[in-house]
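Listed below are the structures to be examined.
Note that chain A is present in both complexes that follow, paired respectively with chain B and with chain C.
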Partner chain A sequence: MSRYKDLQKNLFGGTTSNARQFGMIFTLVAIVVLFQILTDGLTLRSDNLIALFQQNSYILILAIGMLMVIVAGHIDLSVGSVAAFTGILVAKAMFEWSLPWPLAILFGLAIGAAIGAWQGFWVAYIGVPAFIVTLAGMLLFRGGNQFIGNANTIPVPEGFRVIGSGFLPEVGPNTGYNNLTLLLGLAACVAVVWREFQARKTRHAMDADPAPMWISVLRMAVMVGVIVFVTLRFASGRVGTSFPVSGIILVALMLAYSFYTRNTAGGRHIYAVGGNSRAAELSGVKLKRVNFFVMMNMSTLAALAGMIFVARSAASGPQDGNGWELDAIAAVFIGGAAVSGGIGTISGSIVGGLVMAVLNNGLQLLGVGTDRVQIIKGLVLLLAVALDVYNKSQGRFSIIGSLTRNFRRDPPGSSPSPAASTADREPATTAPS
Partner chain B sequence: MSDVPILLEMRGITKEFPGVKALSDVNLVVRTGEIHAICGENGAGKSTLMKVLSGVYPYGSYQGEIRYQGAETRFSDIRASEQAGIVIIHQELALIPNMSITENIFLGNEPRRRGAIDWKGANRMALDLMARVGLQEDPDTLVKDIGVGKQQLVEIAKAFAKDVKLLILDEPTAALNEADSQHLLDLLRGFRSRGITSIMISHKLNEIEAIADQITILRDGRTVETLDVKADGVDEDRIVRGMVGRELSSRFPDHTPNIGEVFFEVRDWNVRHPISAERQVCKNESFVVRRGEIVGFAGLMGAGRTELAMSVFGRSYGVYESGTIIKDGKEIVLKSVADAIAHGLAYVSEDRKAIGLNLLDDIKASTVAAKLSKISRHGVLDEVAEYKAAEGYRRELRTKAPTVDESVSKLSGGNQQKVVLAKWMFTDPDLLILDEPTRGIDVGAKYEIYAIIQRLADQGKGVVVISSELPELIGLCDRIYTVFEGAITGEIARKDADPETLMKQMTSTKRMQTA
Partner chain C sequence: MRNFLAKTVAVGAIAALALTGCGSGRDGDSGSGSGDSAKGFPADSLIGVALPAKTSENWVLAGDLFTNGLKEAGFKSDVQYAGASTTVADQQAQITAMVTKGAKVIVIGATDAAQLSTQVAAAHQAGAKVIAYDRLITNTPDLDYYVAFDNFKVGQLQAQALLEGMKAKKPNGPYNIELFSGSPDDNNAGVFFNGAMDVLKPEIDKGNVVVASKQTEVKQTAIQGWKAEGAQARMDQLLTSTYGNKELDGVLSPNDTLARAIITSIKGAGKPVPVVTGQDSEVESVKSIMAGEQYMTINKDTRNLVKETIAMVQALQKGETPQVNDKESYNNGSKVVETYLLPPVAVTKANAAEAYANDPKLAPLTK
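Right after this comes the complex of A and B.
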């Protein structure tokens, strides 16, 4: 095999998780580079990168929960309203009842969990479709927000604002950079290298030939390069700014939930329920418990996202979280999840969310108005998924397919889309009879 | 028959997928007005060939030539082939359950008058078409309210509405009972006398022997031979020899059972229908299973065998009313599938694709799906252990797949069944309940499945086999219960089991016991 083919196989055709990760980052980098050129270097400036992260961390947190909901075969339309409802309650608790802010955060998470339990109950135990339950929740909790807040804006105290607008503090010697951010970047580099070798070891234990060493090295070099670049950008911003606290929360959640969905029995059950709920049930999966959990988890994350937003904007208002559900859902689908459930990854959804975020940010930097930004975002969502569906039906390489959990090199003609993966049924579904 | 004009000729058809040659240089000659059977093991390329013929794989995606009615044809899609009068009826019927018979017959082909659908005319034509296929129903009946056999007839009527010249049936009798199958075969004979040509794919060799004029046998994507049933004096053994390329001396592996003590017992089992509570689907049923024993359950479709099995398996069907389960001398209560698995029960369902497997999964994930705890610590999965388990079963059961990373949706029926068996063997069960374990599986793979079942029994496990094929039960089981309308009507020892005795007990409430 030639080196070129080796590279192609390992970038796009490999079955190791690292190959998929690499493919994803590749896609995102292309978009960033495009805007970097179009905006004459504004996109990758420290202050812009920091703002980008702060402005989108809550949407990306929602995307994590939404991914799990969608993989399980449901949808959650209520996240924006739940975020707003939690935000106003938490703000009120601190403002009127002087609840200390750390307790207020726990209070907010508890509200989210309670709302999630409410919605999960209807979905899992009564069997009302999640679309309906959360559509009702969307109205319910938006109304709740305005009822409790009297449609007013309530400010939040300084300490609370850290989770939305705080940064890593300046400690240690004066290096000209934010030292903690540098440490974080270093840790990420070590993790990347460790993971690559871990993956090679696993491949070896599974009697499969690991990718050639030079590919592993190249992959690590690129990843480390990106991390070093991003780290230096974050660390070299205006004094007092660095890697945002909300970004740290996001990264921690992303790592934890990635691990949960990929490497634990509980995560596997979510995919099983979305792939074939009856088969999952007959394999001993507790269907109701899984459905309840994903709905509850989503609302809890929505509560967290709501609090981060309130903290960033220093006050809770009646219009908080408007339209968030759509941004989160779009991120998940651009990230390669299947509408019918059973397919999708956390990292894919994060990349999907970042693609939208960079697009949004880049267009704004170019001075494009919000009206046109919306039009463009809508078209990008449609085209990204349409291109993927089309490529899959033609049996060609699918970019989004490479972002999904069950990636394989499919022979052409089989399984035109994840929804119709029963190859035998294919003629029946395409027959115009 | 060589004087009869050739309707269809496929010459040198080769179809490749990346890494797999599904068809190589396949030839098929079908003459007007004959019934032409295509036989072959699963994965031999029968379905691929039919997809090439019907334009699912359009012209240009394969090599070779298709001549139809004397001219070369190049179908771009399935619509083009239908316009030429070639209609495929798939094993999984393409009907809309919530539409009426008429609506289904004319779906996509609606008769119009001045732009609007002419329902009156449609109903009239539907009645005419239904008469041709021998279907007596109100054309306004919803398709979900008629049985599978009649649904099959609706599909054929739908084909006639399109002015079919070449009817292709993929496993038409797989889901039908004896009487419906017979009716369908008679119907095909009637079509033949009216000059309609049929191609039939089937695993039921007795039916093929009874009805086909010509048989083309495929093996590993190549044409092995075309036989003239009458002239060559073809019988089942002859077809099997062509399909597997060797003599199958026996359809069942030799086996000396080593039967131990009774270890599993169900007593006075009563279950009601999940929706209509007045219907009792299990009536006071009791049965026992011994270690090392293969126990059969015979019954007609709808007798309640699957319902019995699933209700025992953690109440996964119906509403439990009363009854006890005793295992190893102790009463156990199984309120969920998880309970049942924990107590060493396994249930291999009759419908692999709908409820047996998650078709999005690969072989690895499917193998371990019913007992993730075995490859995980504190809920964290061990990828390497998962791989090793799946790979072990792949070798042991000789599942045909390049690696265990292969998606189960790409496997043939027999290999999918092996994955399902592996999935349940992985749970270390004491009692395996196998519901129609060889449905839709070819002869060679059946033999392998039988051998696996016997091996499991020899390990001291109890095996329950539910099957609609009496020869299979008689050939495989040490003891057979008969079920009729939700009640066990007989218990027959292997030495006394013959199709007549079983059939009598399967249709009567009088209890008989020989074991």
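Right after this comes the complex of A and C.
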């Protein structure tokens, strides 16, 4: 039994929230396998995987920001409108003032930051609940979008479209694959292996128990296997396609924000504020600054998401951004964040978003109409969160938590491990365990 | 221990998937390519049909007709509607899914005419032919054909009927009218409006017809998303602002849904119903015309449009060039799209029985 306990503790992380995340990863794999069978292999075909990432990267980018907002105990309903507002401004700037597209992107990010500062000001310094501020923002910026765009659809230039529908170029020898995608995959494999050894070394230095060697190897093998598979899929699409540019932006943001929320003081402060803002303030966390930051950050990411969508659609239209806030919020909650704040991870939200995305895509490939797709997605959201709430009220955590009672008597995660894949312990006091 | 097994299975599944992935070469996925499309494609191929959200009866009817018509013609069909709230993103995803499934022809009733060029390009690269159905897709060189009713003519017919209707009620002008136009993101909305203004403008210049609110710009008259509540709200405001003690003689409405909303607003304000135009021959509007409220509608028989589209698909399947009757008028911003135009018919109470004689749903209403 001890081997099993080792595995439980080390392979998927020792904490309860990770256990729930594992449940979601398991669900994701199950859904992928299910649709792979139902669609006769279409789901994992490279063109479909590419499309999946292109279609959902902007929602997943929103989910990253939304996770931080929700962890801090707020909500942001304005992201769709902010995205649409930024999209139309950027499109107009390029169309009418012939602003070069790289500058236009910076311009869009600046608009997002300015809107975020506006919303953050009301939330953090005046103390208006974020729900109200962003509800107002939703109306304000939707109106702004219609006002500026006259509800027209404005096309964007070829260069700008790269961030939404672009691919890596084909360079180097003809290997039958997209070489740059292969390089990215290789880099990812090296990073995984390097991090694993780094983590072992750190645990050693801190006199903590490193995970047994066989677990490290197994973990690396699984991760590398997945990366190799995904890389080959993305690299073997039609000539001219590769891992999409929007996907690269997403992965870069995901890594950066994961590091920020997990390993930096600023990031941990967000969890502290969401868990117990009073206690956090008394411990020296600058409450207003944290709240201001999460709101501002969210709008900046919303601006980026809006631009990616516009780039993919090749035009900014009046319907852009409708309903995005709900998709992003759903991704975050399916990914295990707590409604009350203080709990949740970036990677969890991405997995939650991917569950919805794969579900959507698979049902579409099966030819299920949008009416029924919406019904199914609604039920999935409800059940995922209901499971979480129910398990919490029962004092256990997840599907597998209930099967591992003896494990829970162990103190979770014996040391404050910086190892990214093992521990993601929330300092928040709300988590019963 | 059972749980351990579950995990082992999960890990195994991932590994297995990884292994199956390694074998695939690069060109295996690229489909038939556009080069051999001239030779046609198998008669039982998949035909994708992507339609906008179910906001009007017409789209629902079109979807049913496509499902049945393509099946009768021996094709496999995948008919999809965009969702109610996230229309553009849904339609983009649906078209991409159809390309993935290897559809040979994709018929698109665009929800936003300018936001589909990426997907149309992807379809083209995969060797699929793309037909724009009813709404022209703009800013893409990859669109193959366009099938629609002559929409400029629709606007002209609406305006002519409006003038005739007002004359019948009140022999001499000037007549007070108000103008409504459709959703600004729908390429057709502007065409209807321009067609109508083509007829109305001379009358307005002569002073015979007066737009009392002075709102004559498309920007002012447009109803976002063809939404009934938008038209109703705008009419409410016009009545309050302009028609306190003036009489409203006619309203140019681009379609039936908006026409009924406008009539609802006018009736709600306790005013007599003026001459209101429409389009699409929706059931409720035909009833309204027979009851003497709405003045006219346009019959663009969806059956004929779908029939013509399926005929195109069949021609493409055999490797022939589909029949078109307009190779000049429809420039989508990137190229002139070969178009098949069908003629619309204006319907008032007087000719309703004749116009709908072949329509099983509408014919009984006209008796």
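Here is the rule we go by: the second predicted complex is superposed on the first by the 365 of 433 C-alpha atoms of A that agree within 3 Å, B and C clash if a C-alpha of one lies under 4 Å from a C-alpha of the other, contacts with A are read in each partner's own complex, and residues count from 1 in each chain.
Everything below uses one rule, namely that a contact is a pair of C-beta atoms (placed from the backbone, for glycine too) under 8 Å apart; a residue touches a chain by one contact, two chains touch by 3 or more.
Every value quoted in this text rests on a predicted model; they were computed, and no experiment measured them.
Colleague: In the superposed arrangement, does A:S283 touch chain B (first), chain C (second), both or neither?
Modeller: First partner only, chain B.
Colleague: Considering only the touch criterion stated at the top, classify A:W214 as touching first (chain B), second (chain C), both, or neither.
Modeller: neither
Colleague: Could you look at A:T202 and tell me whether it touches chain B, chain C, both or neither (first, second, both, neither)?
Modeller: Only chain B is touched by A:T202; chain C is not.
Colleague: Who does A:W194 touch here: chain B (first), chain C (second), both, or neither?
Modeller: A:W194: touches no partner chain.
Colleague: In the overlaid three-chain picture, which partner chain does A:D47 touch, first (chain B) or second (chain C), both, or neither?
Modeller: second
Colleague: In the superposed model, does chain B or chain C contact more residues of chain A?
Modeller: C
Colleague: Check the residue A:N263 against both partner chains and state whether it touches chain B (first), chain C (second), both, or neither.
Modeller: So A:N263 only meets chain B here.
Colleague: Help me check something: in the complex, which residues belonging to chain A touch chain B?
Modeller: Against chain B, the touching part of chain A is residues 15, 202, 205-208, 263-266, 268-269, 271-272, 275-276, 278-286, 342-343, 406, 408-409, 411-415, 418, 421-433.
Colleague: Quick one: which bits of chain A touch chain C in the complex? Just the residue numbers, please.
Modeller: Per the touch definition, chain A meets chain C at residues 1, 4, 7, 11-12, 26, 29, 32-33, 36, 42, 44-48, 51, 55, 146, 150-155, 161, 164-165, 176-177, 218, 221-222, 225-226, 228-229, 232-233, 236-239, 309, 312-315, 317-320, 322-324, 327, 360-361, 364-365, 367, 369-371, 373-374, 400, 403-404.
Colleague: So in the complex, which bits of chain C are touching chain A?
Modeller: 1-4, 7, 10-11, 13-15, 17-19, 21-22, 24-27, 29-30, 53-54, 78, 80-90, 92-94, 96-97, 99-101, 111-118, 122, 125-126, 139-140, 183-185, 219, 222, 224-225, 333
Colleague: Report the residues of chain B in contact with chain A in the complex, numbered from low to high.
Modeller: By the definition above, chain B touches chain A via 17-20, 47, 51, 54, 56-57, 61, 77-79, 82, 88, 90-94, 107-109, 158, 162, 313-314, 316, 336-338, 340-341, 347, 349, 353-362, 365, 369-373, 376, 379-381, 383-384, 387-388, 391, 403, 405-407, 409-410, 423.
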